[in-house]
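Same chain, two partners: chain A is paired with chain B first, then with chain C.
This part shows the complex of A and B:
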């Protein structure tokens, strides 16, 4: 137990330091974009939150499979915690995107762009995932059904990631193989910010699982006492 | 294969024995088309543009109600235990129910299409292409709808939860491609012009059927 808390604190410390560094890199170190201007700086955080929502939903998908194979509630707890965090970061991605879009496209949202559309649908799917968990009748059926739904919902993630690569859309493509449109300093700022957000995600995930475990222990004690 | 056939015949028998249910579905699709007609009668619009969204939204909302009792019925009547104890695999239950859902929804859709052409005067498009699109769209709809119906039958307020869980997943997979392909067909395209959408829908048909086959054990198991 002691060891685990130390690791958690360590991750938290690393996340804080990296986030401070990435704020410095994003706002001061990197040059202003030649065509878009300062509004382009939102991109470092937008991409990082979008990446994290994919990662978090991916973790929900993988732990869902583990749960169905092993029927161990540990995996269910991680899946649920990861889905909740994923929704938070997905919300960040679909709110920071329009702020940039208003400045560059002149409109907050483009409904005809499939990348935007599919990411919004991804957000809706995992909101539905929470609704499913809230309406389950027992702990076992909650874990089973939400694992199945999380697996189905995950098919949206690769589509959302690949949408602008499949259907030539307005949304810019960042990770292009042929030619790097990013300057190297911008690429580094983006990389640091992605790593910082990933550490933050791991910290949040551990905390959320701990809180859920505590909640369960309290419920058990309550039932023992007879409250 | 025999088990799938038996489940299929049992479901079809239940659906058609209780004639009130089929009648209600048909009435519902008339109501949806009629409400679109009334809504669009007071504003100026281009019929060609709105035809395909109207058709698919009618299909999905009338089809959704026929999906909802598929598994809930078993739980309410207490036949679920018997079905699970029978010496057949869970996936044959899934495929049997999928086939019966597919047939019922397809009949409903053909009826809605008829009503649509009565209410909206529109030039008849390439019907073969339209029917093929409707059939492959319905396969995916019934395949995914069946899994979600099994999930939602175990939840409280299952009638509300079915659309909540089904709509977002169907939205970006089947509905969006089907609507785009159908509107091209209404504008005079043929099946070969919409092959990209058709491939997309077929891909999701396979994905949903595979998901149903792999995961139905875990849904029915608890």
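This part shows the complex of A and C:
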């Protein structure tokens, strides 16, 4: 008996296993934070969601450039798929962050914090990206406009990443600071959850691109059969 | 109110969001497979009619 292993399913399997390991690490292996308590455990998947959205918007940025250079629609398809996934995970990051904020700061949102504000702008830009695609008249104008929009929108990603490191307002900086660095067990839990979400991203991207390709082929066949 | 409610809420949001998005993609893929099967049948029927 032969088993046919699909690479996409294998990636999904790895993502699920890593997610289960990271849940174990986040809830059982890591100690309770001395000042924040258990609510600090939100951060393992909040950071992983934010990372995934940065990665996804980064892929949209790169594939947008590739599209504008080559005018090959395959790059547009990947850019769009990645933008959609980025929006989903950016939504999760900006929803879970305020839940942590309410417990630690006593407020869901702090408008004066530039990290929060820039991330919200990033999310809104990519929501507009989707609206723009939905309303574009032709395939070419849709691809051109969204490539330009995706490239411009990406500017917010490094700004969002760097905001708390530059201005040091309310949002904590947990990586790359000597005084705020994590305990090794916490760092490991965070690392595994980030890797797990990266595998999840690859699986979602392949699935979304497959779906959009299939949809296009079906539309073409329908037109031929109908005509 | 305990802060744990925020921890539960955050994890519910994350896993519900991930689950719903994976489900959305899975259902879209299943629907497209069904459409492909339907189109195959239509094309086969047309071919058979031509052959007759």
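Keep this in mind: the second predicted complex is superposed on the first by the 217 of 227 C-alpha atoms of A that agree within 3 Å, B and C clash if a C-alpha of one lies under 4 Å from a C-alpha of the other, contacts with A are read in each partner's own complex, and residues count from 1 in each chain.
The rule is short, and it goes like this: a contact is a pair of C-beta atoms (placed from the backbone, for glycine too) under 8 Å apart; a residue touches a chain by one contact, two chains touch by 3 or more.
What you are looking at is a predicted structure, and each value in this text was computed from that prediction instead of being measured.
In the overlay built on the shared chain, the residue A:200 is in contact with chain C alone; chain B does not reach it. Looking at the shared chain after the overlay, A:149 reaches chain B, while chain C stays out of its contact range.
In the superposed model, A:68 lies in contact with chain B only, and not with chain C. Using the contact criterion defined above for the overlaid structures, shared-chain residue A:117 touches chain B, although it does not reach chain C. In the superposition on chain A, A:140 makes contact with chain B only, while chain C stays out of contact range. Of the two partner chains placed by superposition, only chain C is touched by A:214; chain B is not.
Per the touch definition, chain A reaches chain C in the complex via residues 37-39, 41-42, 45-46, 49, 85, 88, 91-92, 95-96, 99-100, 102-103, 200, 204, 207-208, 210-211, 214-215, 218, 221-222, 225.
By the touch criterion stated above, chain A contacts chain B in their complex at residues 68, 114, 117-118, 121, 124-125, 128, 131-132, 135-138, 140-141, 144-145, 147-149, 151-153, 155-156, 159.
Taken in their complex, chain C has these residues touching chain A: 3-4, 6-7, 9-11, 13-14, 17-18, 21-22, 25, 28-29, 32, 35-36, 39, 42-43, 46. For chain B in complex with chain A, the touching residues are 144, 147, 151, 154-157, 161, 164-165, 167-169, 171-173, 176, 207, 211, 215, 218-219, 221-222.
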